[in-house]
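Two complexes come next, and they have one chain in common, subunit A, joined by subunit B in the first and subunit C in the second.
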Partner chain A sequence: MKFYRSHILVGINETSLQAGVEEFLRSLRAELSKHNLQEEVNVLETGPLGFFGRGICLSVYPDNVNYQDVKLDDIPELVEEHFLKGRPVGRLMLDTLGKFTPKFDYQNRIVLRNSGLIDPESIDEYIGTGGYEAWEKVLTQMQPIEIVNEVKKSGLQGRGGAGFPAGVKWSFTAPIDAPQKYVVVNADEGEPGTFKDRLIMEGDPHQLLEGTMICARAVGATKAWIYIRGEYKLCIERLQNAINQCREYGIIGENIFDSGFDLDIEIKIGAGAYVCGEETALIESLEGNRGHPRWKPPFPGVEGLWKAPTVVNNVETLANVPYIIKEGADAYRKRGTPDSPGTKVYTILGDVAHPGLCEVDMGTTLRTIINEHGGGMKKGFRFKAALVGGAAGVFLPEARLDVSMDHSSLKEYAAVLGSGAILVINEHQSIVDILWSILKFFRHESCGKCAPCRNGCQQLYKLITKIKKGNGSMDDVELMLTIAETMFATSFCALGQSPVMVIRSAVEYFRDEFIAITNK
Partner chain B sequence: MAKTVNIWIDGQHLEVPDSMTIIEAADKHGVYIPRLCYHPDLPPTANCGVCVVEIEGTPAPKRACCTPVNEGMKITTNSKKLRSYRKTLVEMILSNHDVTCPTCVANNKCELQILANNLGVDPESLPTILDRQPVDESSLSIIRDVNKCISCGRCITVCNEVQTVFAITMTDRGIGSHVDTPFGMGMANSPCVNCGQCTVYCPTGALRERGEIDLVWDAILDPDKHVIVQEAPSVRVSLGEDFGLPLGAVTPKKMYAALRKIGFDSVMDTNFTADLTILEEGTECVAKLKAGEKRPLITSCSPGWIKFMETYYPDLADCVSTAKSPMSMFGVLSKTYYAQENNIDPAKIVSVAIMPCTAKKFEARRPELRDSGFQDTDYVLTTRELIRMIKEAGIDFANLPEEEPDEGMSFYSGAGTIFGATGGVMEAAIRSAYFLVTGEELQHLDIEAVRGLQGVKEAAIEVPGFGEVRVAVAHGLSNARIVMDRVRESLATTGESPWHFIEIMACPGGCVGGGGQPYGNDIASRARRGLSLYEEDRSLPVRQSHKNPEVVKIYERFLGEPLSPLALKLLHTYYFKRSVSDGQVVEQVTEKHTAH
Partner chain C sequence: MYTEICNKYTPEKHNLIQILHEIQDTHPQHYISAEAVKTVADYLGIAENHIYGVLTFYTMYSTTPRGKNIIRLCESPPCYIKGSQNILRKLKSMLDVQTGETTQDGLFTLELSACLGVCGNAPVMMINDDMYGDLTDERVEEIIEKIRRGNQ
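Our next item is the complex of A and B:
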């Protein structure tokens, strides 16, 4: 391997592509060559860098300097000052925005351990960081039941929202004797404000594939599908590239590593329905049908895709698996809380200084996440509420900021971890307006199968619109709660059961706002 | 032996098979759980959410229609919370429903109306969210009013799973989701075969027949018109239930009296032409048997089946009897034979048919069925429409004195009346075909093997001088598919059909379960009506079609003999190939005025 004195990591994502990162890379390389630095400074294209800045962002190692919004015109100055003279360009540095430097605690990451550090399009770099060791281990040294038991022991819970223990899920499917079983990766990330899976897939697609492979081996599935949002173009490209590389290297295919085990992975692109994130609707869609949920039982683990036993897991869940296998369940359990072990990836957005992605231990308080990883409130704004868990989540007010972010602690406040989206809302924003937009979202995304959700979502939208316009009364607010509770009790799937939580939390913590607007 | 489990419903201990759902277990033991989309004949769609019950140990209520029972399950069907949920839910459904109860065809029969009434809901509690859409009136048989649809999905299940016609499905999503035909082109431009099973299972008035009552009243009240009416076999065993008579009451003579009171000029009976059909179809069949024909003969009475065959099995159209249905035979004869015998100008004759069927409305308007020089059958009323007409005329049907029909085309044998039940045409045909082949009468007239509600029935009858005649009977179009696929496959591989003679009826149960029958037309009531037809058969003096004196007379005075040139011209038809996407005619596939 060549040795470089400096590495410039260039984050390639939708934002930087829009900002013209490809031309930027050509100019940057040309400028470095102009100064004869091409043998000393390496330019690496990576996934998300782990912080969110505007435009094109760079990370320079080993200097640990982060730049944001670097323009073509800045290149000569940047190369001359930083790489020739060794003086970082202050005006382009990320921390000039505020007093905040994002915490990049790479040693403590599990899911995002490679994200922003390696080239996501290179399987060699992934292997270089210890990738596919766990895959080799499960194929050559472990029995499928041992894999299931290890994951069970790790206490890994589903990261898609419901938090069902992954090992337990696998243990339903593993013992079934069936001619065909499937693993389906739920990459149909649709919860508003959530983009963790996208960044996991963009930054380190191989880790997801490895987790998927291990799951397939554990339950005896010889085919895995990745059901992914159609909008995630870059993820699709990178995953396809990663799958091709694995096929080429014999990491998947027939008789992998002479173990006698066959596995293939295929990508299926979704068409953008929120309900297809629900596992049975996802399976229907994968089969080519309308994305309508199915009744459970039978659960997909017993009768899923094309009636075959099928394990459906979220991207983040599976991305945890290689670590668990490699380091062991005990090492994994050292992180997080006893009943929610491990780490969680959050997307912090809204009125924080630094919206973005962070991976922290389960049980970290909401306050810590917002202040230390989101950089606190945007300058000049006061905190009012955080919407935790996306549209299917709850509002938490300032008094609840010290809640430990794990399944059991959140349950006490009738809240859920959900997808890990944290939308921070400032004091000037109206909860009624935000609730309106959430209920508009539900109305749009209800699949229409069952009467409570189909009619209820429309009624809720009409009522909140009336309230928002100042034409409503507190009776309308109560009616909304009655409808939402009926929807919770009678809806077919989780979609229709969800609006009650967000409405109840809005009315419970911000009743004054409803009183004010209905008294207009 | 199925395993049983112990469950407790509202404290009542029950031991039930573990294969049951909660609602099945409750129904079996007389506990009524409120429901809307669930129907015992159909797999649950689980769309409405009304049947939710509380199960001890589960955080949220569960649907009783699709939750299997479990050992030790403790179920509450009625609690303060459940009552409140159901009420709010039905209020929500009503807020998206075109509430026109007093004038709706489904009034007093509508399951939504009854449920709302039972639960005491307030229809005004929620503002309407109905987004009014145009009514689909394209079809000659079935009107589809999306504004009354509650998206329960029963019609889709019936159409796609029971009938395998695939004319309708769910489209769009959320509040805009609705039942629609392919590409939203309307029922007339879909593979719909007009069987009307969707109208039977629709819990509201969203699906109904195209009404022709007013047109019939106009004809009756026009002094220049001579209005002649015929009634299908199954109508006489389905009318009474709506007037408080027991299910399956046999009421032909009250029916004649009611029709005469309504004002029809001549009251005849389709059963007469049912007997005539046996002579034509039976002769066709016997000719085939004698010729050692390898291809089967299939019945042609059911118009839903005929359009289905034209759409999905046009390659086998030459196997289908060319004999017109009893209704169409009656129609053409009413404007030829009847007109001639009674000296009436056929242009003044209005021929009305009372049918258990919505597809007959389509059949009556087939352009090829005009062999009398006019449209052979002018109007078709379903059983439901006749009930409404009787009510409109203020007739006390239950207490009406019995009357005889008019003579000429009304006498019928027991063989004619069992046409209304699945297997009946087959049984009637065997009774006469045996005579036509052997010249001897069949000793035992009850052919039990072709009776009953099994989807596909098979039998082999030993006919002296010929050998074994193998027959099959299918009812419900998914069963028709099973039979037709076997015929097609067998013809392709061995060149020989597994059966000589096949009866197919579009509707499960045959005509007693037709798409035009009274509301509440479930499998159990179809079975009961079918039994009534067999009871009537046993009670009749003549039980074989070829012994019907009026049939003998029509051949003597008018037609000559079965399959005579005049019979072929008036009583036989031909078939088309239709598109599977829009049901339109692609090409004619069999010859005019021939027998197969």
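Our next item is the complex of A and C:
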């Protein structure tokens, strides 16, 4: 391997593509060559860098300097100052004060171990980091039942929101004797504020594919579908490229590694419906129907896609699997808490100094995540609340900042870990206003199948609009709670059961705001 | 043209959503016409009303003609708290349309969207396949003007 003095990691994502990163890369490489630095400084195109800067973002290793919003015109100065003279350009740095550097503890990552470090479009780079070793191991050294047991032992919980143990889910499908079984990857990420799955797929698509393959082998499925939302153009492109590479290398196909096992993976694109994140609605959509959830039981594990046994798993869940197989369930359990082992990927947004992506152990406190990974509050703003888990999540106030972020601890506060979105809200923002935006979202996304959700979401939106306009009373607030609780008890799927949590937390922790606005 | 697109897929119902995507994306007015629905129904051997059911369920599809550029502004909470309402006002006044309408010159259709998953750069909008983040009034002006110029 060639040795370079410095590496410039360039994040290729939706934002940087829009800012013209392709032309930028050409100019950067040309400028480096002009100074004869092409043998010393390596330019690497990679996925998410871990922070969400503006425009084109760069990370320089080993200097650990992060730049944002770098323009074509900045290239000569950047190359001359930083790479020729060794003086980082302060005005382009992510934090111009240089006081905060996002934590890049790559050694501690499982899901994001390659993200931002390798070229997501190259299968060779993935293999170079030990990729597809777990896949080879399950095909040549393990029985399907051993795979299921290992994942069960690891305690891996679903990372899509509900937190159901993945190994247990697999164990329902594995023993069924059926002519055809399926694995479906739920990449229909639609929870507002959540885009961890997008970044996992953009940054390291092969890891998701490897997890999917292992799952397919464990349950005996010969076909896997990745259901991905239509808006995620770059993910679709990268995953398709990764699948093509796997076919070419014989990593999927017929009689893989002479094991006698066949597997194919195909992508299906969604068309914009939040409810399709619900696994049975997703299956309906895959079959070419409206995304209406199905009655359960039978659960998809027994009767799913085209009535065949089907395992549906979230992207992040499957991306954990190669590590579990390679390093073993015991190694995995060393991370996180006994009840919720492993790590969790979060997107930190809103009024923090450095919105970004992080992967931390389950059980890390909300305070640590916001302060150490998000850089604390944005200068001049005070913390008011964090909306954790997106629209189907809860508001947590300052008094709850030390809550341990794992499934069982959050349950004590009637909160859920949900999708991994943390939206930080400052003291000037109105909880009533944000709740209005959330309930507007639910009204739009209710699929219309069952009456409690169809009518309930509509009524909730009417009431919150009335309250927001200052025409409501505390009776209206109580009525909202009653409606939401009724929806929780009677709705067909999780969508109609969700609004109660966010409304209850808003009213419980920020009652004063509701009193103030209804007394106007 | 619709038959050509259909022929790329096997005549199975599960290909419906992909076929509709391709028909809409390749149509200059970004919509699915009654004629297209009929062609697809015949090809897949399913009822036209099933296709209408699907078309009207998913937000990405349209059954009426739209502009050359579809603007989808995110209105979900992370963008909302970053001022997506101001961006919506700006877009409405610049384009002289209401939400869901198409400009007189047929160049733009203004729509709202649920979370686009680029919340790190909120507020965000998507124009056709491209994502635009960190929107301000000035940036919106720049983006719209650039597209307008490109169409002259």
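The criterion applied here is as follows: the second predicted complex is superposed on the first by the 517 of 520 C-alpha atoms of A that agree within 3 Å, B and C clash if a C-alpha of one lies under 4 Å from a C-alpha of the other, contacts with A are read in each partner's own complex, and residues count from 1 in each chain.
The definition used in the following text is that contacts are C-beta pairs under 8 Å (C-beta built on N, C-alpha and C of every residue); 3 or more make two chains touch, one makes a residue touch a chain.
For clarity, every value in this text was computed on a predicted model and none was experimentally measured.
Asks: Name the contact category of A:Gly374: first (subunit B only), second (subunit C only), both, or neither.
Replies: neither
Asks: Looking at the overlay, does A:Gly230 come into contact with subunit B only (first), subunit C only (second), both, or neither?
Replies: A:Gly230: touches subunit C, not subunit B.
Asks: So, A:His444: does it touch subunit B (first), subunit C (second), both, or neither?
Replies: Both partners, subunit B and subunit C.
Asks: Now for A:Leu387: first (subunit B), second (subunit C), both, or neither, which partner does it touch?
Replies: The second partner, subunit C, only.
Asks: Tell me which partner touches more residues of subunit A in the superposed arrangement, subunit B or subunit C.
Replies: Tallying touched residues of subunit A, the top partner is C.
Asks: Which partner chains sit in contact with A:Pro309 here, subunit B, subunit C, both or neither? Use first/second/both/neither.
Replies: neither
Asks: Of the partners subunit B and subunit C, which touch A:Gly288 in the superposed model: first, second, both, neither?
Replies: second
Asks: Quick check for you: in the superposed arrangement, does A:Lys462 touch first (subunit B), second (subunit C), both or neither?
Replies: So A:Lys462 only meets subunit B here.
Asks: One more residue to check, A:Gly160. First (subunit B), second (subunit C), both or neither?
Replies: Neither partner.
Asks: Following superposition on chain A, which residues of subunit A contact subunit B and also contact subunit C?
Replies: 273, 290, 444-445, 447
Asks: Enumerate the contact residues on subunit A facing subunit C in the complex.
Replies: 14-15, 17-18, 52, 54-55, 189-195, 198, 229-233, 268-274, 285-291, 347, 349-350, 355-357, 387, 390-391, 421, 423, 425, 429, 434, 437-438, 440-441, 444-445, 447
Asks: Touching subunit B in the complex: which residues of subunit A?
Replies: Against subunit B, subunit A makes touches at 273, 290, 292, 295, 297, 443-452, 454-459, 462, 479, 482-483, 485-486, 488-492, 497.
Asks: Enumerate the contact residues on subunit B facing subunit A in the complex.
Replies: Those in contact with subunit A are residues 36-37, 44, 46-50, 52, 60-61, 63, 66, 68, 81, 84-85, 88-89, 92-93, 95-96, 126-127, 129, 150-152, 170, 172-177.
Asks: Would you pull the subunit C residues touching subunit A in the complex into a rising list?
Replies: Those in contact with subunit A are residues 12-18, 20-21, 44, 46, 50, 53-54, 57-61, 75-78, 80-81, 113-122, 126, 129-134.
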